[in-house]
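Letters A, B, C, D and E mark the chains in the order given here, with residues in each chain numbered from 1 onward.
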Amino acid sequence: MSLLNVTFYFFYALVASSALALLFVKNIFHAALALLSCLLGIAALFILSMAEFAGVAQILLYAGGVVILLIFGIMLTNKSGAQPIPIKNTGLFGGLLVGSGLFFLLLFFTSKALFVLPANTNAGSIEKIGIELLTDYVLPFEITGILLLAVLAGAATIAGYKASRN
Amino acid sequence: MPIQPLYILSALLLSIGLVIVIVKRNAIMVLMGIELMLNAANINLIAFNQKVPMSVDGQIFSLFVMIIAVCETAVGLAIILQVYRHYQTSIPDEVNELKG
Amino acid sequence: MQGLADKLEWIQLSIAYAWPEIWLCISVVLLLFASLIQSNQNKWIDALALMAFLISLLLSALQFAESNTSMALFNGMLRLSDFSIYIKVLIDLAAVLTVFMSYAQQEKKGEYYALIATATLGAHLLCMSNHFVMAFIALELISLPSYALAAFGFQKKSMEAALKYFLFGSVASAIMLYGMSLLYGITLTLDFTSATFQQAVLYNQSYFLIISVCMVLIGFLFKLSSAPAHPWAPDVYEAAPTPLVAFFSVVPKLAGLSILLRFMQVLSLNGAASIRWYIIIGLVAMLTLTVGNFAALLQKNPKRMMAYSSIAQTGFLLIGVITLSEQGLHFMLFYATVFLVGNYLVFWYISFFEDRSISAIEQYAGTGKNYPFASIMLLIGLISLTGLPPTAGFMGKLFIFSSLWSSYESSEGMMYLLVFIVGLLNTVVSLFFYLKIPYQAFLKSESQVLIIKKSPLINLLGFILVMVLLGLFFMPSGLMGWLNRITFAL
Amino acid sequence: MKQELMLSLLLILVALPLFSALLSQLISEKYRWLNPLLSGLILLITTILAASLVSTHWNQPELLWQIKWFELGAHTMTAGFYINNTTLVMMLVVSFISLMVHLFSNGYMAGDPFEKGYYTMLGFFTFCMLGLVLADNLLLLFVFWELVGFSSYTLIGHWREKLAAAKAASKAFIINRIADVGFIAAIMILYSQTSSLSLTEVTAVTDTFWRNAAGICLLIGVMGKSAQFPFFNWLPSAMEGPTPVSALIHAATMVVAGIFLLIRMFPLFTVEVLDIMVIVGCTTALLGSLAALQQFDIKKILAYSTISQLGLMVAAVGTGAYGVALLHLFTHAFFKAGLFLGAGAIIHALHRAQHAAHVHFDVQDIRHLGGLKKVLPITALCFIICSAALSGFPLFSGFQSKDAILVSLFEWSGNSWRLIFAWSVVISSATTIVYSMRMVWFIFFATPQKTTQLTVSEVPFLLRLPLIVLSVCSLWFVVSFHPLEYNGWLMEGIVPAKHNLFITWLSMILVPSVSIMAWWWFRKRTLQPVNHILQNGFYLDHLNDLILKKPGLIVASKTEKIDKRWIDGSLHALAYTQVTMAHLLAWFDTWIVDGTVNGIAWMARQTGALARSFSGGKIQSYIFWSVITLIIFLFWILF
Amino acid sequence: MHAYLLSLLLLIPLVGALLMLATPNVHRSLFRWIALGVSALQLIALVLILSHYNTSQAGLQLSELRPWITLDMGIWGILQSNYFLAVDGLSLPLVALSVIIITIAIISSWKIEKSPKGYFTLLLILNAAVIGTFCAQDFLLFYLFFEFMLLPMFFLIGIWGGARREYASIKFFLYTLLGSIFILIVMIALYLSTQSTGDAELVIHSFSFIDMQQSSHIISNAVLDPQNNVTILGISARVWAFMLLFIGFGIKLPMVPLHTWLPDAHVEAPTPISVLLAALLLKIGGYGLLRIAYPIFPDIALQLSWLVALFGVIAIIYGALAAMASKDLKRLIAYSSVSHMGFVLLGLASVTPEGVAGAAYQMISHGFISAMLFLLVGVLYDRTHDRMIQNYSGLSSKMPVYFSFTLLAFFASLGLPGLSGFMAELMVFLGAFKSGSTNYLLHESFAIIATLGLVLGAAYYLWTLQRMFFGQYHVKINLDNQLTDVDFREKLMLFPLAIFIIVLGIFPQLLLDYLNPFADAFTNTVIEGGKTIKVLLQK
């Protein structure tokens, strides 16, 4: 098997295992770490399937931004006593039922035609993404700016709200 | 890279994300579950984008998804903080003021 | 390179047509600035917000006047058609009414209005979007501010409501996103109104397509708060401040409805699709109607009751989507307008009574005598939602049922008849709970002393809304004439 | 010209009693004493008018005068007068008897608190009776028929405080109403067959089935009004009303309206219906006379005697000789009214005496009376003359008409099974003689029982005058100058009956002998009740209650229950189902949605979570349930 | 000139209501006088209408047609509904009845203390709605007025009613709303399958009754087109439509299984309201059947006439029996109304000129009789607040004038000839019996069993009279002192009704001038309509 396949399946296994770990971990910090490893694995998969920019963006945004935010969240909300309270499950059976049902549904009905790969999978380039972003996708691009501005302002007001004693 | 395994991975991630959201008794964990589900979608987008190498729609869409994911996490955490301040717990199920 | 020039030129052209949206972005920024320098009791922010939304209303209305052709903007991202303009006008109207209602909102007025502006912007974009990316971002543009707004009550239960709304919303959008990625896999294009998409769907009438479409639908149905994705609504409506509840119960619904309609039109490939989508939407509509009506029977809190009633009304709006004929959609738009006016009137007076510390339905006892004018207006609003004659609600229901009957007549599908009967029976059941408040108000004598606060302004606006309701009953052809000019070309 | 005059006279004649009724309503309290005089005067004018009309128009061709009343469908209903000899006779009888009763009640009802109402209804009754007699079509006749029933209701219930009177009045009206169902059925049949209701055309029904049906229905209607066998129990209880009322209504006029109707509609009846008529007539005659034997109240005796005489008349019409029936009707009116007014005079006199002596006993019970001959000489004489006429003594009008009936009956039976009915009539006329002798003996000639303590004085002249006139009219010359010849002026006008000298002579001998035997029998006896069945009029009242009233009430209360329990119940159930549906949904919401469904294996460990998760607001279970519905939905569609 | 008279009749009460709302609450007695003024004006308008209406000419007169809604419905053609008011032989007497009864109701509600302003406004709105229902010739307009009655009635019973008023008003509201939903279904199905005289390709869907009655106006492949007999769940659509209309209007005219709202509504409603309810609202059921159900579905009507008659006869017997068992006087009268309305059904089902004229006559006469009966109960209830029959006896000596009025009303109600009740019942009997031999719709036995109703009627009325008015005077101790005889105001109400009852009993031609043309036209349309549709089916 070529080196490429080996790395692909290595990261594939990494992502799958860390996702499953996330399901069974008891300690919230370990969960955060598992999530981090899963996201990094996914970034690697992106790069392997010729979406380098997406992979880098994944590392920056997800691994850098979201996981850090989550860890801040954990620290802020879990400080009752020294060690963090263990995560308990509720209605495990129901959740598993739903998950497996969905998984089965998604797999059972896929047709082969979906997965045929074209012959020449030459590398798409970042330069093409740049052009596309500012021609076809210019509206979503600008609107996301507004979204970020308004939503984060909103989040800030909620988070920083101290019940003004009036 | 072969799309079939990637598709299976994304389906797996989606299911696991959903299970986490439903099962876990900690709001932050639920957020993580949501992140997983969003990533599952991203994998799918990138994988299927390989079928049309000339266009990069899939990748751009996944970029936007990432940005939205960040916003969601921000808002989610803000709310969870406030809930924590009021209820002194982040276990969603104990938050049951509204009934009926 | 040549393509690049065309695209840039296309963008310049479409900016001219996107003025309402651009104005909304500017107003978001303006309001955020205002929130920085606001002190507590200053009315100028209300005025600013009101001015912002009025101008956006004006701009979209102007758009309606000039062009009646539908044109793609921003390289196929959006499609500006009469239908979307009309929906935008309704959304702006709703926003203006919300501003009127939120004079009582004390804290954080700047951010409050900024978030509402963002949500309105998102609604504008959603009802015009042609492209999955655009649809997803517009949807998030509505949802995320709404999660934040839900928390604007700043009490314990509004935080809880926000959390519920957020969790439910994000899961729904995640599933929708996954559905979109599957559709991308099948059709390899994200612009669902394009020919390639339709070609691919035509050849792919498989179960897999059904699964992916249903997952996408979950997202839209969440926005519409219709049956499978409705549990969040009662809690959020109960906890959030009333002006916002009114806003939530109308604006996301209209936007979700338009995107759902557009999506269904594409999927039906004007009749060619072998999968009969109207059965799925029919089942959803029936489920929504039954859940909405029956659950509302037991509610003690008027806002919670109104939540279930707005779920039930969504059921009727979905009927418009089932018929999918030109005329059926015109009637749906008529019904949507009447629903908007009726809903705002009722919420208007629920907040009116809330100021006078009347929050549970039992506490409405005796208000008929103490606030005769207000309770009569509330009564007319509730009658319009039930659909009794003197109000436009009846005309709306009459049109909806006749469009159902005509489509049953033309296509002999049993589903239309089933929905027809379920709809009628629910009208009777809906009477049970719509009459709860007037029953308490008029037939019961008051249990606790009611503080009498005169408020001519509120009554004036309530009176205008009632006049609109009665006017629409006696002269529906005015509005219908306007609606009939709308075309639904994709 | 003669027609116009005739018409206007008729109109005045009919309108006068109505005028007297209105007048007595309008007279103010101050002139109360004027009321009886005025109404008496008006009635006198009516009678004179009637007599003049009869004399001028006797044996003239029929006169028919109609105006349009209202149009219905394709047919126009008319209202008007139809005069022939029968109507003239009836008109004379009605106005004359009404005059007599008015004069009598002038004294009898003096001082009664509701006197005004009494005279109004009396006037109204006479107006309706005249209208009934003169009506030209069946519908108008039915209208007056019911109005007569209504006025008898008000008059029986005249003394409002007496609950028994009210009960008797409503019983009378209801039983009449039951019979009138037959009359309406007859009207419906005739209308649907001949699509017109005027008396001349209505008898031209061709279809035999419908003709029989109409005949029988009409007969049922008549049996109700003229107190024939199954429906006669209202007449004895109608005696609760004032005596002059019984004299007018329950002796002379209203009860004979049925007979008049039979005579008027005679061409309609087929042979079978006529036979039934005879059977009904004879049974009523027999039962009536037998019951009269055992009664102790004067008015009850007279009531049962009226019933038996009516039975005779119906039998007479049944035999085909309707002229004879009319003759008997004519004569019976006079002597029966005389008897009733006589009884009234006795009761009045004894009441006055009782007031003076402050002694109280039931005045109408013949066991308490006796020896009034000496005290009330003139009343006694008149009473004896009338009862002689009733029992059919020769030289009295009763003999001639009863003899005519016997002759026609024997003609009709013609030695077949019908003879039984002829002989039953003979027996009933024999018993008539017995009970009238019993009555006369115990009132006048027997040793005085309770009347000794009273000083009874003769009734004032105004009460005695009608008595005298009526007793004079019950002599033989009213029918014809030859005492044994019944084809007098009246029979010539209608249809002269055949003669059978043997029967006439037979009855000539029989009647006095039977009366002497009765006289001898009663000299020694004192009265004891002998037979209960006869005493209570064959328990018809109880039967009536048993068959009609009680089950009616039971069924009625059942319907009330049905209403309350079933229909309302089902409605409440419907309402409850809606509410239960809502509860179910809410229960479904709280139990299933919130308690996440755990596998049985996990149930034990999870109970803690399950208990705590009952809270309504559980977010994750919301998400769970939405997704599970989606999946179930997809499974359902795909498989 | 007479083009606007009917709208005038409708506008006066609405303007009055607005005026009422405008006047401040301070001078309370003013409202009564405004209401009385309005009804006086209406009486004048009625006189004008009567003068303009010529009885010889059958069909719709004084008609006003103004376009109201014209809606282009794309491929489904144009929806056309116009403000079409007109009066014919049936509507005019009913309108006259309504105006008179409303005037009397206003006089009888002279002593209402509880917020008279709201009371009289609702009364005037109800007034406009009732008259509108009788004049509307356009199904949508009819339905508007039909539903417009619901709310005022709901509040009138609910707020000013007796002890269990909430239960009664909700029950009334739900029953009638359920009925109106059935009618709504048929209205939608009907207007989508009838076209006015538009040419073939431009189909104008019209709501007017005239278009709906002509079978030529049915759109060819519509659901209700007899030719392509669409069947839903096995039964043909036209039968479904007729049955739904029959049930819808059956609830309003209380047909037996659907009547349980009437006794409660009557017992709990205040006197003037139960007068209006009994005299006018029950007639709308009968009017609906006569105006809509029979002429529009003649073939089905002829087919199911026996069923209608059967329900009629059941109503007659059941109503009488239930009345016999009721202890409350008002409940007794309510059940007697059920029994009287049974006659309307029987007369209607016979489809003979006499029967139909009888049914219409019965509606008018029952209007006056039931109004008088309820007023009489009101007189008693105002004095003693007790309606139980056994609490009174021997009233005739204490209240003689009241006794004479009750005597007249009771005997009119049980059908004594010479009063209007008998005349109507007679016509119904003649019509029902004759239909057995002319158009073979009803068997003769229906009429015979119906006559039983007369006997039962006599039984329970006389029994009540006997218990309440005859015998020794004794009343439950605490009720004794207020029993005064009828005062001037009550006489003012009772006297005209008594006059009407007697006049309609003696001179029926006054009313039959109006009803006969309608009855003949009605029977022709139904019989001929049935024939043409049968011919269509054979083709």
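The rule is simple: a contact is a pair of C-beta atoms (placed from the backbone, for glycine too) under 8 Å apart; a residue touches a chain by one contact, two chains touch by 3 or more.
The structure displayed is predicted, hence computed values, not measured ones.
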* Which neighbours does subunit B have in common with subunit C? -> A, D
* When you check each chain against subunit A and subunit C, which touch both of them? -> B, D
* Asked: Which two chains are joined by the greatest number of C-beta pairs in contact?
  -> A-B
* Central chain, going by Cα centroids? -> E
* Asked: What chain lies farthest away from subunit D once each centre is taken as the mean of the Cα atoms?
  -> A
* To do: Just give me the whole-number Å value for how far the CA centre of subunit A lies from that of subunit D.
  => 103
* **Distance from the mean Cα position of subunit D to that of subunit B, given in whole angstrom** => 96
* What whole-Å value do you get for the distance between subunit B and subunit E if each is reduced to the mean of its CA atoms? -> 66
* Asked: CA centre of subunit A versus CA centre of subunit B: separation in Å?
  -> 6
* Provide the list of subunit D residues touching at least two other chains, using ranges where the numbers run on. => 586, 596, 613, 617, 619-620, 623-624, 627, 634, 638
* **Interface hub residues of subunit A, defined as touching at least two other chains** => 88, 90-92, 94-95, 98, 102, 105-106, 109-110, 114, 137, 140, 144, 147, 151, 154-155, 158, 161
* List, in ascending order, every residue of subunit C touching at least 2 other chains. => 133, 137, 140, 144, 148, 151, 160, 162-164, 167, 171, 175, 185, 207, 211, 235, 298
* Structure fact -> Contacting chain pairs, sorted by label, are A-B, A-C, A-D, B-C, B-D, C-D, C-E, D-E
* Asked: Any idea which subunit A residues touch subunit B in the complex?
  -> 8-9, 12, 15-16, 19-20, 22-23, 28, 31-32, 35, 38-39, 42, 45-46, 48-51, 53-54, 57-58, 61-62, 65-66, 69-70, 72-74, 76-78, 87-92, 94-96, 98-100, 102-103, 106-107, 110, 114-118, 120-124, 128-129, 132-133, 137, 140, 144, 147-148, 151-152, 154-156, 158-159, 161
* Asked: Can you list the subunit A residues touching subunit C in their complex?
  -> 105-106, 109-111, 114, 131, 135-140, 142-144, 146-147, 149-151, 153-155, 157-158, 161, 163-164, 166
* Asked: Any idea which subunit D residues touch subunit B in the complex?
  -> 586, 596, 612-613, 615-620, 623-624, 627
* Parts of subunit B lying in touch with subunit D, wherever the complex brings them together -> 18, 21-23, 30, 92-100
* Structure fact -> As the complex stands, subunit C meets subunit E at residues 325-327, 330, 369, 372, 383, 388-390, 394, 398, 401-402, 405-406, 408-409, 417, 420, 424, 427-428, 431, 435, 439, 442-443, 474-477, 480-481, 484
